[in-house]
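Two complexes are shown next, each including chain A; its partner changes from chain B in the first to chain C in the second.
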Partner chain A sequence: MATISIGLFSSLIGSMNSDFAVKLAETAVNKGHSVNLWFSGNAVTLARKGQKSFKDYSYLAERLKALQENGVAIVACEACAAARGIHKDDVIEGIAVHSMDWYVARAAKSDRVLHIGGE
Partner chain B sequence: MRLGVFVSDCQKNDSMLERLNGEGLGIFFVENGVYHAVIHENGRDSGVLQKKGVNYYALASDIQTRGFTTSEIDSRVNVVTYEDVVDLMMNDYEKLIWL
Partner chain C sequence: MAKSILFVISRPPYKSENPKLAITHAMACFVADMHIDEEVEPVVAFVGDGVLNCIKNQRSQEFYGIISTEQHIKNQLASDMRMLVCKEDLYRLDIKPERLINARDMGADIDLNVVGFNEVQKEMERCDQMMWF
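And now, the complex of A and B:
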């Protein structure tokens, strides 16, 4: 099987891009691939803990936890998070916070890389 | 090296998309990009569909959530699932970009 790195840039909670990125990651894992998931820009808001689930509203926190349990490395950009007042203890347990180096290194070793841009 | 292009919108007049050509190019319509596969503005199809030697795909779930049926999809476009997208990414397109 292969390794794919998905970078989600500048998408807020409730954005179609976030739903697409998570669904693509889920599908790739189900097919036996190894997945790295990187949040940058506004996408770091997805890593924030304490999100509340409302009916008919995009709520991805549980799905992110499930992806982690399936071996997906999920990492938020340290600078982007700090710039938005999100620090290591504000983040969902299991989601790491690293500098961009982490993503570049993972992308360089991946079979496929998809940067999902923002609206 | 084959390029896969994810098109996630249909309103932006994307000059990059216009200039992208080449045998074996793959264009994936996802999210609001699926409208490229159904619109007929002023009786004309989407300009994106006029390229030669391009494989077109549209994500089935994004088509259905927008109220279209598969029969309304332009015949040049292959309707695919997320599973198909992952397989196409891994097997057919080495480089991927998002527009």
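And now, the complex of A and C:
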């Protein structure tokens, strides 16, 4: 089975890119692939804890938790998060925060890299 | 043998965060070997409206209070990072080569490399991974 790295650059709210990226990760995991999910730029908002579920906004916290339980490495960009006032204590438990070198290293070793979104 | 990643930048500067994210991700390749047993070689290609990132004398500090994309590009040239600029897109936007950034004042040995899109395509085929920004 393959290793897939998904770089997401869209915010949680405002487009369906984040929903698509999570769906893609779920599908890949269900097919037995290994997945890295990297949040950069506005995508770091997905990592913020305390999100509330409304019927008319994307809500992905529970699905991210399920991905983690299925072995997906979910990591937010440290600089992108800090620039937006999101610090390690603000991040959902289990989501790591690393600098970009972590991601490019993982991507370099992956079989496929997919970038989704970006404002 | 090093792994290679091609960072393709297709958006203009300041309008979007993506070009700067591409450049900072590319720069991070220089220390990626802290995590894996291989070096990671970055190559950057500016295509489409992304070639607008390569125009010199950007005044982002004056107007936005942030470091310019120009300064990031100069830092990368001074670090010997290969950076390609699509010739056809420069022509489309009537950007002459003399308007492009260089980092000779920082002692860089290389300049932005203006190439045809066919050369960018060859780089897409050569590199192990491609990241589109």
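As a working rule, the second predicted complex is superposed on the first by the 114 of 119 C-alpha atoms of A that agree within 3 Å, B and C clash if a C-alpha of one lies under 4 Å from a C-alpha of the other, contacts with A are read in each partner's own complex, and residues count from 1 in each chain.
In the analysis below, contacts are C-beta pairs under 8 Å (C-beta built on N, C-alpha and C of every residue); 3 or more make two chains touch, one makes a residue touch a chain.
This one's a predicted model, so the numbers in the text were calculated from it and none came from an experiment.
After superposition on chain A, the partners chain B and chain C are seen to fit next to each other with no clash. Of the two partner chains placed around the shared chain by superposition, neither chain B nor chain C is touched by A:Ala76.
With both structures placed on the common chain, the touch criterion links A:Asn42 to chain C but leaves chain B unconnected. By the touch criterion defined above, A:Asp101 lies against chain C but remains apart from chain B after alignment on the C-alpha atoms of chain A. After superposing the two complexes on chain A, the angle subtended at the C-alpha centre of chain A by the centres of chain B and chain C comes to 70 degrees, rounded to the nearest 10. Applying the stated contact rule after C-alpha superposition, one finds that A:Leu67 touches neither chain B nor chain C. When both complexes are overlaid on chain A, the residue A:Ser110 reaches chain C alone and has no touch with chain B. Look at A:Lys23: by the touch rule set out above, it reaches chain B but stays clear of chain C. In the superposition on chain A, A:Val91 makes contact with neither chain B nor chain C. Between chain B and chain C, the minimal CA-CA distance in the chain A superposition rounds to 5 Å. Chain A uses residues 113, 115, 119 to touch chain B in one structure and chain C in the other.
Partner chain C is touched in their complex by these residues of chain A: 7, 9, 40-42, 79-80, 99-110, 113, 115, 118-119.
On the chain B side of its complex with chain A, the touching residues are 6, 8-9, 30-32, 82-83, 85-87, 89-90, 94, 96-99.
By the touch rule above, chain C contacts chain A in their complex via residues 3, 5, 11, 16-18, 21, 24-25, 27-29, 31-36, 38, 40, 42, 128-133.
Interface residues of chain A, counted against chain B in their complex, comprise 2, 4, 16-17, 20, 23-24, 26-28, 30-31, 33, 111-117, 119.
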